[in-house]
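Chain nomenclature is as follows: A, B, C and D, assigned in order of appearance, with residue numbering initiated at 1 for each chain independently.
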Amino acid sequence: MNPILELARERLKGKRVLAVMSAKGGVGKSTIASLIALNFGERQKTALIDLDIYGNSVLKLFGIQKLHEVSKEGIEPFRVGNLSIFSVGGLVGDHYIVLPGKEEGNVLESLLGLANLREETVVIDTPPGMGEELLTLKRVANPEVILVTLPSKLSVMVVEQMLEYLLESKLKVEWIVANMCYLNTPFGPIYPFGKPEFVEKLGVEKGIKVEYLPVDPELEDFSGRIWDYSGLLKEEIRKILDE
Amino acid sequence: MNPILELARERLKGKRVLAVMSAKGGVGKSTIASLIALNFGERQKTALIDLDIYGNSVLKLFGIQKLHEVSKEGIEPFRVGNLSIFSVGGLVGDHYIVLPGKEEGNVLESLLGLANLREETVVIDTPPGMGEELLTLKRVANPEVILVTLPSKLSVMVVEQMLEYLLESKLKVEWIVANMCYLNTPFGPIYPFGKPEFVEKLGVEKGIKVEYLPVDPELEDFSGRIWDYSGLLKEEIRKILDE
Amino acid sequence: MHEWAIAMSVVSSVEKWSMEKNLGVKKVFLSIPSLSMLEVEVLIEAFNTIKKESKIRDAELEVRVRDQNFKCRSCGNVFTMKDIRDQLDPILRDYGEENPLHIVPSLITAFAKCPKCGSHDFDVDSSIRVEGIEV
Amino acid sequence: MHEWAIAMSVVSSVEKWSMEKNLGVKKVFLSIPSLSMLEVEVLIEAFNTIKKESKIRDAELEVRVRDQNFKCRSCGNVFTMKDIRDQLDPILRDYGEENPLHIVPSLITAFAKCPKCGSHDFDVDSSIRVEGIEV
């Protein structure tokens, strides 16, 4: 019997759990998860949990360099406005993490099981791949999924395989987000990763809505204080969530 | 005793092994590994091994949809000109792969141990993260490393942690590649992921040469036939390798 | 401190088990890795407090602290906590009582290396588990 | 077919061991997962051919085919090859003899699910290992 896993399941039970996923790396999962959580945070208390053990990008986007406090209740979140943030990075600070695959599940079960999670809405940022982290999340909860891809053929092919897995596993895929589709210039759009024809086709085939997001070079200025960002991407995400 | 691991070690022993790494996803590892292998392939027989179990991007970049032949010698490579390509994707075709972390090492040990590897120069594409795949590679060989990042602060922070691990582990880091630094337009450069100040600083601090690569929107047209690509990125990589 | 959260997890999973099986529980055998530096007395105190509000009020907690045998997957070397004591001390110094290994013992490979070959790649047995229940 | 590559790996690792320890080898005990559908006779034939060029010419190979007990990490269900036979048949049909599980048995979770809860998340014991050497 694994009591920490049981506790993790209990902590998430009955809550709205939204996971931002992509088997492909660098497509904007952490950015989008953070912006979605910030959007929810405008109306209600929201938890943002980072399951990317090696990236810890959520902490980096929010500029958090402290360590989690630990209480009788477990791991206490970092608080940013209405957001409660949990990350393995908040346990180790700026030391690197290197782990045998076998241990990744234990690490994430501990984070999820020990997190003093009080919020009813939980946004989860996930790592690339379809390995232990994905299986651990699945062991603990049945999240609604937002699937992120670049428009590039390569990225869409990787994400299509993941989508197949998600649908076979009966997870609900809310939307596909095609991130970094175009870059607006005064002289018209540039398509740095190709036109989004492949992702459009995938959406039609699977009957899932596709949302198209631009490249916003302004975003980089808000690295470390993403709560201050109110540019293009934020606005597009607001529109999607308001639909 | 693990005979497959021993065999993997033997197959790589004494060879030039170059691994393209980044704890951050989507920074261009697979693209750069493929272009480096193609460059080497202009002069000598070169193996290109894909250790990204979930991405299989090398096969996608080369448009390979066949399955590996298997002989008495083991797994036979896909041949593209002077290149011999090995990938787990060549064992499963277009089926998705989902694996407990514990099994990732077995899968990659099998690929490396059973590969009928005859080439003296081996380029290795790796997945993001610092998990089982990285440890498996390290178990089998001591590669020279090319570390890839985006110029963004987030990406550089992730890569800096990996660099710390690599240096402590006494791996030789040849260069840091800052990919997608600028996008040339007729009206001057755009910096979609910020200016490369952070990676520049990292290179100086650690005494490692940094190479800066542009965004090339043309690249996407060569997805599936990357051997045909002879654009900006290819030329920049040639220059770096010729130094 | 988070011994309380762990005790809670034990009470609630054993309680669930007891209700499903419709069996009373006399004793719970919990196994923890020594690596975690969890305080056994605090675990037991917390268990005894929390169980009062549960359906396993009569259960007693017995804690077994497992010593670690690490096995290097790179060179095969087998080593113990004692062999890496010098690597563990700085963790306590840098992070204090609520350090990463105390909260998530599996993180050991991030901080320690095989004393023979220097690899971070070694097998750990770091789970916290209920190994038996006496009814 | 790749039984030959595996036999080669066994001969060369046992040979290395024998030279390091300076011990002659009479018998090698190899354990393989039934999941891999490796042909034992071919393994032995290959071993006997390859060993002739090695320093363990007198070694005999004994192969133990391990039956798999899969344990679902999602629902706890324990199942065997028999329980997923219907999921394995299509793999043979689609990929033929040199199918993914034959070459890399660890890939089983990509193709099969827990028959109780449908999860791909189960424990496998799929390694090929030398379990003993008689000198």
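Here, a residue touches a chain if its C-beta (ideal position, glycine included) is under 8 Å from a C-beta of that chain, and two chains touch if they have at least 3 such contacts.
Remember, predicted model here, so these are calculated numbers, not experimental data.
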item: Chain centre separation in whole Å, for chain B relative to chain A (CA means); value: 25
item: Chain B and chain D: spacing of chain centres that average the CA atoms, whole Å; value: 29
item: Centroid distance [mean C-alpha coordinates] between chain D and chain C, Å; value: 34
item: Chain centre separation (chain B, chain C; CA means) in Å; value: 38
item: Of all residues in chain A, the ones touching two or more other chains; value: 95-100, 102-103, 105, 135, 165
item: Junction residues of chain C, two or more chains touched; value: 73, 120-121
item: Chain contact graph, described as a line, ring, star, complete graph or other shape; value: other
item: Contact pairs between chains, per stated definition; value: A-B, A-C, A-D, B-C, B-D
item: In the complex with chain B, residue positions of chain A that touch it; value: 23-27, 30, 53-57, 60-61, 94-105, 127-132, 134-135, 150, 152-155, 157-158, 161-162, 164-165, 180, 183, 185-187, 190-194, 215, 217, 220-221, 223-224
item: In the complex, chain C residues that touch chain A; value: 1-2, 4-6, 8-10, 12-14, 16-17, 30, 46, 73, 95, 98, 100, 103-104, 106-107, 109-111, 120-124, 126-130, 133
item: Chain B residues touching chain D - in the complex, by the definition given at the top; value: 1-4, 6-7, 10, 67, 69-75, 88, 91-93, 95-100, 102-103, 106-107, 110-111, 113-114, 116
item: Chain A partner contacts - residues on chain D that touch it in the complex; value: 73-74, 118-121
item: Complex contact set, residues of chain A against chain D; value: 105, 135, 138-139, 165, 169-170
